[in-house]
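As written, the chain order gives the labels A, B, C, D, E and F, with residue 1 at the start of each chain.
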Amino acid sequence: MREFLILFFLLAGVFFFTVSTIGLLRLPDVYCRLHANTKTDTLGIGLIFLSLIIYEGLSPVSVKLGIIGIFTWITNATSSHLVARASYYTDVKYFRGKRKDYDHS
Amino acid sequence: MLELLQGLANNYFYCYALVLFIIGFYTILSHSNLLKKLIGLNIMQTSVFLFFVALAYVKDGKAAIITGEEGALYTNPLPSALVLTGIVVTVSVTAFALVLLVKLYSYYGTLDADEITMLRGNPE
Amino acid sequence: MIILDLLLLNILVLCAIAAIRVRDLLSAVIIFSAYSLLMAIIWLQLGSPDVAITEAAVGAGVTTMLFIATISKTRRYE
Amino acid sequence: MIYNSLMIATAILLVNIIICLYRAAVGPTPGDRIVGINMIIGKTVTVMVLVSFIRQEALFLDVALTYSLIGFIATIGVVKYLELKHL
Amino acid sequence: MYKEEILILRVVVRFMMPFIQIYGCYIIVSGHLGPGGGFAGGTIVAASMILYALTFDVDRALDKVPHKHATMLESLGGIWFMSCGIVGLLLGGNFLANGQIGVPLGTPGRLLSGGLVPVIYFGVGIKVAMTIMSLYFSLVEEDR
Amino acid sequence: MWQERKREIICKIIVLFFFWLLISWDLDWSNLLLGFFFSTVISFVMSKELLRADESPPLLLRSHLLVNFVFALIWEVIKANLLVARIILDPKLPISPNIIEIPQKLKLPVTQALWGNSITLTPGTLTVDISDERILVHIIDEEIGKRIQQNPVQKILLKMEKVN
């Protein structure tokens, strides 16, 4: 049961990482790519760390893993906000409306 | 010949250190922008560190930190101590070179090595 | 283990080539910081965490900021 | 079993890093490049943790903690330079 | 202005700074037990001050740690290192002698068991932190 | 004035000391001494730079709300992550991004920053700019944008401020 949980969470985490990478490739502009960055990346980190914490049990290692997870979430959100803000104020055009209106070039 | 190839395949870290060294050296020789040259220099230094640490690597060895267990196999700590010194020197060299670049730019108005040579005139 | 090593080293070489091929100096510096990140993983693989933590501290914080400061004082494009 | 799956997960993450590197090298605006590097930082932290579990050395986690703490300095620097043209 | 507007960055940096600094101190003094040492820890502490200078302003950071104080602390780190070395000479050993002069070199995993090593690393950490910080500040400050 | 500052500094020392214990995980007397020394020095030297008490609700006293907040945030993240994953993996890529403006209800800087970061972490939405009156949010889908106002995270943060 425990092994199954570990493998399931690990797989889910890797899946979310892969989804975020696909999103980074497919989405049209900076803002949408930032969505792919923060969202799926953070959940990927969370799930993989959760699986490793289950694997390790309660020990200093899992406490440190929790600290790493918390700080990664904070810094990831902050840097995404900053990139979005800088792009907005340096007039990077954002894609609006439906996909079919967008000329992919 | 086959032995040579096998030896290369066994020591792939050395091969890649060589490749990185060549990339850095090529950058220093071919790019005329000084900041690019500095990045090439950094890549070259890192390749040398990679060679050193790969020399120290023992297969299945643990990191050279004594945790009190008996009869464990450790990697060689001496090259990594050398590399630590090397990294300190790298940072200092990089900072010094960057300050020199700022001074050069304020004097000549460009960072291109060829242009600076032209501006200084032909020594002959 | 050997597959991980080879993959990492190939990414490293790709990263180095990308860093020197880009025309924009700011992008070159950004990619160079990624190079330093990958280098830190390789130090871990080679079993020398001392070097890895030094590379992490230097590459993530100091060297990149010094490069960006220089770019902000000189020009951005080659 | 778990050892092998950790290995496979690390390999998949490394392949992901290559794709992020493509975005960082090609991306049209500097913002795209920073997004690529941000994702590489997140994946690198995870790879470091996985490597420390594969090699069974708890002390390697310190390196990952370092990156998660000061990994965003470069991002702030680049963003401030893009917005203000000086630091 | 840039510095007052970004609320999230301001709050997050002010929240994160003590954690970065205390982590840097941990890396400095536990250099003989795990990865790290004076240089890495000092660089992390300096990185926190670089973060401060980025978020607010270089001038404000220079108000906090002026060049005079930075130079003084840097010299203090050097003097600290020298005097720790001379302790070995005074007690009849070599320069920087550690186990030779009878300092207990205790068990692995204990923080203060490395004899003089953590004490020396403390000085090295101060010196490195101040050096790198003032390097960055003096590269940036003459911008305006 | 001095009383308040003293309480602030003691609070910081406790938090930093706790962090030191977590990362070093050792109850030896030398470790405790060094940790106490470093946390005291840092909170005295940097006391002007760190967060002040009047900028945040007393988070340590309202820890039940903080735990509540964390769990609500995680639940939101998981829910919306699946949504974004479905959008990304869809071959037609059905996105309709836009930048919208929503009013800001929170007052204190710390809760404002927490709310902004929660918006960024919640999938489909991304804080572009934040001030005392409004928040600019980039949304990836119109449906997600409509739901942003009745986010449970914001309610918890409002409650946290009201207690103060």
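As a convention for this text, a contact is a pair of C-beta atoms (placed from the backbone, for glycine too) under 8 Å apart; a residue touches a chain by one contact, two chains touch by 3 or more.
Worth saying up front: this structure is predicted, and the values here are computed from it rather than measured.
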Neighbours of chain F that also touch chain E are A
Neighbour overlap between chain B and chain C returns D, E
When centres are defined as mean Cα positions, the distance from chain A to chain D in whole Å is 11
Here the gap between chain B and chain F, centre to centre from mean Cα coordinates and rounded to Å, is 41
Expressed in whole Å, how far the mean CA point of chain D lies from that of chain F is 23
Residues of chain A that touch two or more other chains sit at 34, 42, 60, 64, 67, 71, 74-76, 78, 80-82, 85
Among chain E residues, those touching two or more other chains are 8-9, 12, 15-16, 19, 23, 27, 34-37, 39-40, 44, 47, 50, 54, 109, 132, 135, 139-140, 143
Flagged in chain F as touching 2+ other chains are 23, 116-117, 127
So the touching chain pairs work out to A-D, A-E, A-F, B-C, B-D, B-E, C-D, C-E, D-E, E-F
Residue positions on chain F within touch of chain E in the complex are 12, 16, 19-20, 23-24, 26, 28, 30-31, 34, 38-39, 42-43, 46, 49-51, 55, 109-110, 112-113, 116-117, 127, 130-131
Per the touch rule, the chain B residues reaching chain E in their complex are 63, 65-68, 84, 87-88, 91, 95, 98-99, 102
Chain B residues touching chain C in their complex are 12-13, 16, 19-20, 23-24, 26-27, 31, 33, 35-36, 39-40, 42-43, 46, 49-50, 53-54, 56-58, 61-65, 75, 77, 80-81, 83-84, 87, 90-91, 94-95, 98, 101-102, 105, 111-112
Seen from chain E, its contact residues with chain D in the complex are 2, 9, 16, 19-20, 23, 27, 34-36, 40, 44, 47-48, 50-51, 54-55, 58, 140, 143-144
Listed in rising order, chain E residues that touch chain B in their complex are 33-35, 37, 39, 107-109, 132, 135, 139
